[in-house]
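Look at the two complexes coming up: subunit A is in both, with subunit B in one and subunit C in the other.
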Partner chain A sequence: MKTKVFSLFIMCLVVQSLMFGQTKDMVLIEGSRYIPLYGRDSTVVEVKDFNMDIYPVSTEEYKQFLKENPKWRKSKVVSLFADKSYLTNWKTDLEPKDSIHLNSPVNYVSWFAAKAYCECQNKRLPTIDEWEYVAMADETTKDARVKPSYNAQILAWYEAPRTKENRIGETPKNAWGVYDLHGLVWEWTLDFNSVLITGESRKDVDKDSNLFCGSAAVNATDLMNYAAFMRYAIRGSLKAKYSMKNLGFRCVQDIKKENK
Partner chain B sequence: MNVSKKKHKHVIHINNVSNYLKLTISVLVMLMVVTSCKSDASNNSETALDMYQCPMQCEGDKTYDEAGSCPVCNMDLKQVETASKDIETDEISEESIFNLTSEWHTEEGNKIQLEDLKGKTLVMVMIYTSCKAACPRLVADMRHIEAQIPVENIKNVQFALISIDPNTDTPERLKAFAIENAMDGEQWTFLQGTESGVREFANVLSVKYKEISPIDFSHSNIISVFNPAGELKHQQEGLGVDNKETIEAILQLTQY
Partner chain C sequence: MKTLLKPIIFSLTLLMLSCGDSEKQEQHSATAEIPVSREMIAELTSPPNVPTPVGRRKAKKLIVNMEILEEEGELTDGVKYVYWTFGGSVPGSFIRTRVGDEVEFTLSNHPDNKLPHNIDLHAVTGPGGGAESSFVAPGHEKTFSFKTLNPGLYVYHCATAPVGMHIANGMYGLILVEPEGGLPQVDKEYYIMQGDFYTKGKNGERGLQPFDMQKAVDENADYVVFNGSVGALTGDNAITAKVGETVRLYVGNGGPNLVSSFHVIGEIFDKVHVEGGDLINENVQTTLIPAGGAAIVEFKVDVPGTFILVDHSIFRAFNKGALGMLKVEGEEQKKIYSGEIREGIYLPEGPGIQNMPTTNEIVESEIPAKSFEEQMEFGKQIYMQNCFACHQSEGQGIPNAFPPLAKSDYLNADVDRAIGVVVNGLSGEITVNGNKYNSVMTKQMISSDDVANVLTYVYNSWGNSKKVVTKKMVDDVKKK
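Let's look at the complex of A and B:
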């Protein structure tokens, strides 16, 4: 009797930790202050503690989401929230093309769709500052930006073709235990539209300075971080309803105070 | 003595466990209910009801669900077919900003959704009240545009200024800003949203913004014009540009 009760008790604990721990496939990222390429006042930004998905969202997981949320299927989605190329690599509403592996990262999704996906799971998209903070790490160091090998490795990926067809989790995990921040797809961020660089960012043409208020304050801090430049440039060129073949996403979650 | 105490403890333990189980299960059930995402099934519950009204409107705006005669003047009730009612039951098009379901507070302290602005031509801009550089010029542009619209068209236009700084720009502050800038008329609305609601709305307008210090934002200067169904019709980008095209777009949309 006693053992039965005990095993029940353990089972409950396990179930509970699965339901409430929400650490399944997420890792705790301890916040800190750091200097991103573009920050508030171009200086230090503060990142609070949060949990991050260790993998980007897979095609299979997205399929499950579409089953439960018909309004995000490609035949139903409202054009305000997704352009024509949304899920263009899916042959039907619920079936990706045969060439797509279910364990590849989902792509051709708009910002609105990615946001809805995360919110459905009580999560949210990471901010640029959060994403970049975790992405500074290589396999051993949490801020590897000073290492020449760090940039070289990322740039090697930017040159490698068709990485979006790779499977999730094949790149080495970084010092936080997060996979695939570099080497698979670009990822949506919650505030991607805070990047105020236009298509023509060389300042010889002054036309665009009228578009932005205070844009002189948004300057780059680390001109050597070419890889980060490319990410910010991509973000600056995106619109929320765009969907692109090499753009996926992952979710993060705030740490609730009562868990502490 | 010792033994019975032990037993007692054990019983309590089992009780605790079963209580714990119940609690866990009920919490689990609740969680499932809560976490299952909202579907849109409940959206179309309103069926179009026929409404009848006295043609002389003896009782003001009072309406009846079925045909009959007016209790005051005995005339046959007529079916109501107002245009505004038609618009309300119309489905929202795919391009409409009324697809956004975020909640907003107006400068008068009312809680609204964007859909509540339906039926008028919308002229929208994103600003923040503590802005010293571009926003005063954007606000001036809005006032300039408003001044160019004839009075008979104004009643079909709603000018909305949406704050990108919802933490600072409370309804009270927006109201004060409205009075200070002589923009407190019916045609002006100021909106305070949530952080994620504002971010989402900015994305619909293709407006970019970034907090660069607690009181300062960088942001794009874009004035957007929507038709009464919430579809984007015109965007004016930049500061101090010619407002002519924007005004023309508004005039076109408000000519019924």
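Let's look at the complex of A and C:
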């Protein structure tokens, strides 16, 4: 089974990389149906096949992007698209501070910037459903949510200070071959604010927005998956122009039918 | 006014949401109209200190700037925990206001933090107590404002999902709303807040301990402490007063789960503002403080000595850390307390040799000490967890109740007897340094390694005979 999946993805990888130049460092994620902690209706969601970056975008890659796209440099960026802390850890438009390693995940980027970056690569940001789908995996299983060790590992990261200083690719890769979904930085998703929450977790009970503690008791599919609660909470606290120290991103790509 | 009905509906809604804000409508219309003059930056203090009383100042626009920090701290000796804090301390900074103040509250979430947070102040009249308006991502800040309508002592806490976890990690504190003209003056004021902690490892297990959600759901606390850690109010950190002074304690309970039976051993509260509100009860021994609630207690200290603050659900005090100290200095008042009658020691088990009923099996230490230095280090940790409550930080004991270990003739005379006391317990009259003690020490359910370490620590501290006790010596005594 494992080898079958593996060879399949190798094959896809080869086929894909023949088709597009950008699919280097991406893996095919086979779509399926699953029940997330929160869907819009707490029911099954369907994820189609897509390719995902195996690493989050690095500082170096982002630097390249800035060279090619001056309008996203911190002196030029439109303030509507990025708040004041955008690239605050860069000393100049094209140089990060000396303390930042080029192979660290890029951070202090807004959603608009992340979205533009992916679009420039012919990619896009993953949806919450896609991101959560891939993030269910641990090193051996694609849906590891039932394993106590899965939650424990993720929470250990939530409690460890300053992981954003770590390098990309140091956490174990998951069953899909993707690194760093947990353990490095939070990541932007395309529809990060589509789960309507007010920030008042208990009030969300009487809305259909079915998120957070009170409603969790009624609606959430897995009460003990509180690591996921925390991810939904951080997404709920964001605005698209925000940029944050512990927040980076990665891109995904649709499988284009006409290329079949 | 058109708002006559609204507050009623509003308070009903609040009641249904069980937020606990009981509303007095008449008071509203009065206090809501208090005018404010000038701006003032609020003084915030970390526990056990409280800011300067409001006295007779007029209502003002009060600027409160509070920063959220996620940081590692020490829950007890050798046990680390990542606290989430308001203002860098557990409980969070004390906020002192008067009725009618317009508080402009800015909540800043430090960029190094991983999580979004918010604040629900029970002193706020408004949906969520400010939670919705203050929901803030790391590296950002949010400002909202509210008018203090009801005098009293209120809890504030974080209300971001998972709420229980945010509170369990230390995100709570107190905000005081003083009545017009302020509370009556007293000599000493302190800030104390109880909280329960849930760690992956058992009580006392060394290292960085992560939060344990299952234990929290089961309400099975490993630590119940005052002011965020086991030793926060003991030894050098004890609060102090002088004979004849009136002490006022602002006592809160952050929970998340447990209700506190707050008691000061050897004192009677002259006055208790029940649940932090207007109702004053007098001559109270133990006052109940609900999770998410508070009380103001006042008492005059008449005699010198050390007074122990406890949650009188007493195993929490002696086994989980809910123990603090008030040290009172001054002249003896023989009329009030002769010194010959024994102080109110709490011996819940009665006389006779007792076992600690926590476990039937003694777990062997996983990390045996490799050197004398390690023996001393581990021994001190065990001492602080098991012996300190009675024998005290410098081994001085408590006169007439618990014998001293410092320069103790009884201890130094016979090592095997000392090992036997730790392993088997001791009751009945003994003479130590010329004073008679008639008390009970329970059998200590700790491993042979731990017995060796703690005795080595005791023998090599406070002017004792510097003996080194080994595991073998302990095992030999056990075999007898």
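By definition in this document, the second predicted complex is superposed on the first by the 221 of 260 C-alpha atoms of A that agree within 3 Å, B and C clash if a C-alpha of one lies under 4 Å from a C-alpha of the other, contacts with A are read in each partner's own complex, and residues count from 1 in each chain.
By definition in this document, contacts are C-beta pairs under 8 Å (C-beta built on N, C-alpha and C of every residue); 3 or more make two chains touch, one makes a residue touch a chain.
Here the structure is a predicted model, which means the values were calculated and not measured.
Undergrad: Taking the superposition on A as described, I'd like to know which of subunit B and subunit C A:Leu190 touches: first, second, both or neither.
TA: In the superposition, A:Leu190 touches subunit B alone.
Undergrad: So, does A:Lys91 touch the first partner subunit B, the second partner subunit C, both, or neither?
TA: Neither partner.
Undergrad: If you stack the two complexes on chain A, which partner ends up touching A:Arg33: first (subunit B), second (subunit C), both, or neither?
TA: neither
Undergrad: Quick check for you: in the superposed arrangement, does A:Lys147 touch first (subunit B), second (subunit C), both or neither?
TA: A:Lys147 sits against neither subunit B nor subunit C.
Undergrad: Touching A:Lys245 in the superposition: subunit B (first), subunit C (second), both, neither?
TA: second
Undergrad: With the two structures laid over each other on chain A, which partner does A:Lys48 touch: subunit B (first), subunit C (second), both, or neither?
TA: Neither partner.
Undergrad: Shared contact residues on subunit A, subunit B side and subunit C side combined as an intersection?
TA: Touching subunit B and subunit C on subunit A: residues 211-213, 236.
Undergrad: What residues on subunit A touch subunit C, complex-wise?
TA: On the subunit A side, the touching residues are 85, 152, 155-156, 158-162, 186, 198-203, 211-213, 216, 224, 226, 229-230, 232-234, 236-238, 242-246.
Undergrad: In the complex formed with subunit B, which residues of subunit A make contact?
TA: It is residues 2, 5, 8-9, 12, 15-16, 19, 40-41, 68-71, 78-81, 111-112, 115, 120-122, 124, 190-191, 193-196, 210-215, 217-218, 236, 239-241 of subunit A that touch subunit B.
Undergrad: Spell out the part of subunit C that touches subunit A in their complex, as residue ranges.
TA: Against subunit A, subunit C makes touches at 17, 70-72, 82, 111-116, 118, 127-128, 131-140, 159-165, 210-211, 213-214.
Undergrad: If you look only at subunit B, which of its residues touch subunit A in the complex?
TA: Residue positions touching the partner: 10, 13-14, 17, 20-21, 24, 28, 31, 35-37, 39-40, 94-97, 99-100, 131, 133-135, 196, 199-200, 202-204, 206-213, 216-222, 237-241.
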